[in-house]
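Structure incoming, see below.
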Amino acid sequence: MLELIDTYWLYFLVGQYPKGPLGGLALTVALAAAGLLLALPLGLLFGLARVSPVRALRWPVTALVFVVRGTPLLMVVFWAYFFLPSLTGHKTDQFTTMLIALVVFDAAYLAEIVRAGIQSLPRGQMEASRSLGLSYLRSMRLVLLPQALRAMLPSLVNQFVSTIKETSLGYIIGLNEVAFIASQINTQVFTKPTQIYATLGLTYFLMCFGLSRLAYALERRLSRRSRPSAISEESASSSAALAPVSP
Amino acid sequence: MIQFEKVNKWFGAYHALVDIEETLPQGEVVVVCGPSGSGKSTLIRTLNRLEPIQSGRILIDGQDIHAPGRDVNQFRSHIGFVFQQFNLFPHLSALDNCTLAPQRLRGLRPAEARAQALDLLERVGLAHKAHAFPPELSGGQQQRVAIARALAMQPPLMLFDEPTSALDPEMVGEVLLVMKGLARDGMTMVVVTHEMGFAREVADRVLFMDAGRVLERAAPSEFFNHPQHPRAQQFLSDIRSPFSA
Amino acid sequence: MLDFDFAVLLSGRYHDMLVAGLRLSLQLTAVTLVLALPLGLLVALLRLSPKAPLRALGFGFVESIRNVPLLAHMLFWYFGAPELLPEALKERLYAGNIEAVSAVMALTLYSAAYMAEDIRSGIRAIPGVQMEAGRALGFGFLATMRLVILPQALRVTVPPLISQTLNLWKNTSVATVIGAAELMYQAGQVESASFRSFESFAFATSAYLGVSLLITALAALYQRRFPVKTL
């Protein structure tokens, strides 16, 4: 086991970089971060559309969110893989394909998190803001969203955990993220699949468990800060209910 | 200043406001009272268009508030509204609650807005809490900040929707005191409240509502001593002696 | 690209492949559900146990499974785990449908971890005094669970469990990575054989959406007929 780690640790962490494109664990984290960062504004827009009083905005986005959430992520990846080249005119590399699939998929889930966040605020907030004379959009921007986003923070961290796990599907289109690299190592070594895949599992575990503990701590800090006089013991699973379950 | 012309409102099939015809002059303090479900909150909420109406007209300063092309946000910025649940913005300090609208809507510079806000907080007795956040304030304090927030836009009209109903009894007085001060300074006010003491002392006129209609309108002394309408009489006797059958 | 030919899907070899894939996906879902629910219940009870080591065991199970992607689970159970088996068992496995077995292993553990959390939330939604009342009558922890708590918790738990079933249905697609011949795999096979990528993926997408719709409708129906009634 130790020689295994000794020989392959760098390959596992960064793939063939610098002699080739970035890969391994570094690629997994980079892809997840980029995916979530790009999905956030889109998810915010979708979420606002989902609560909008304008039907022409609400219905199409609701339909889109429903379709994306009813489809496996892998399906979305395949669609991107096979049809992006014809749309853009030239061959799309695996990273871009995976990134676009992740952004679209996560935006649909983020939309629901945003929607739930906004709808959890008391109605009086919008009424008070409108009564002062602020328009619907300005009320959203200055009063509702700052509160909703703060409350959504633990869910967003959980979503990041989900996104890290989702990057593993890049394996299937040959993207050299960490699961693919693990398989490459397995093909070379051949005789130690249990150790290799257990290590892969452990790596994901350490990253994701660490982040979910962060989300839990955030949630406890949040519920304590917004109710300094009351004692609130919300369970972490209440915000976990808002985050989607992904493969 | 305010005119209701044959105003009707339905919530689905429920007739919430029935043929409302009223004129409320400028500078007056009008108290609207009545049993639960009488429509008093609904009435006041139609004044700043938080509730739409299905028929009739509402005029403020002679202008139809629902005229097409009228900017509802502009309109609302000239009316102060105080809610039963205070509805302060918890992510902003008391001071920032009061500077938000003047800065964003009237273009006041931050320093000007802050000065005005501090002045108003002083007026409601909370200058020392300017940097506190709503969850750190008591109900009475929050409501006083809410009044300051509404006053920051310098409205000619202030609407109060049961401003003390959500407060513990010992905090009611501090809010009513602020409201009395406003009345003394000549503010036009429409107040929905159960606080009969306030009505007797401060109101120029009392409107009694039941089942969506205004059943009686009179000066406080007339209303409290010689109510005309049988339902008003019932209401007042229920309040005074709640334990008699 | 724009000349679609859906006729190839309506009959013949490609049609049969896709339908076989759909069938296997449904089977994987059904078998996993039957195995994962009791396991999830067990883990939920472990997490709620008054004994700390049992609680730790439950917590360890849930966290170690949920923080690893399903794909990694599949790879482990297909490539890694069989190596640990005694020769005879390994032979039998390879002779049979090892892809499906590995897929079910991975899916069962993965789904059970999430279901355990939903069941636990459902149980926690029942006021603690119910457990006290049961214990006060003389029932033990498990008996109180069975007779008092779980019957009440069921109503609250069913909607999130249906939601997990939806996730499970979508997760069966990941089995393609270990070569299980479910719907996603078959769609890929049809695509490489016929180059009709749009038609085969459209079929697969519709199938996934269709079953998703059915499951969501089931959830809505359940919530309409059995609304949550709390004291």
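Each chain gets a letter, A, B and C, in the order it is written, and its residues are counted from 1.
The criterion applied here is as follows: a residue touches a chain if its C-beta (ideal position, glycine included) is under 8 Å from a C-beta of that chain, and two chains touch if they have at least 3 such contacts.
Just so we're clear, the structure is a prediction, and the values are computed from it rather than from any experiment.
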{"item": "Most distant chain from subunit C by Cα centroid", "value": "B"}
{"item": "Identity of the most central chain, Cα criterion", "value": "A"}
{"item": "Inter-chain centre distance, subunit A versus subunit C - centres from mean C-alpha coordinates, in Å", "value": "21"}
{"item": "Inter-chain centre distance, subunit A versus subunit B - centres from mean C-alpha coordinates, in Å", "value": "46"}
{"item": "Whole-Å gap separating subunit B and subunit C, where each centre is the average of the chain's CA atoms", "value": "55"}
{"item": "Contacts with 2+ other chains: residues of subunit A", "value": "none"}
{"item": "Subunit B residues counted as touching two or more neighbouring chains", "value": "none"}
{"item": "Partner subunit A, residues of subunit B touching it in the complex", "value": "48, 50, 73-79, 81, 83, 85, 87-91, 100-101, 104-105, 135-136, 146, 149-150, 153"}
{"item": "Contact set on subunit A toward subunit B in their complex", "value": "122, 124-125, 127-135, 138, 142-143, 146-147, 150, 226-229"}
{"item": "Residues on subunit C engaged by subunit A in the complex (per definition of touch)", "value": "1, 63-64, 66-73, 75-76, 79-81, 83-84, 110, 114, 117, 120-121, 124, 160, 164, 166-167, 170-174, 176-177, 184, 187-188, 191, 197-198, 201, 204-205, 208-209, 212-213, 216"}
{"item": "List of subunit A residues in touch with subunit C within their complex", "value": "67, 69-75, 78-79, 82-83, 86, 161, 164-166, 168-169, 171-172, 179, 182-183, 186, 193-198, 200-201, 204-205, 207-209, 212, 235, 237-238, 240-241, 244-247"}
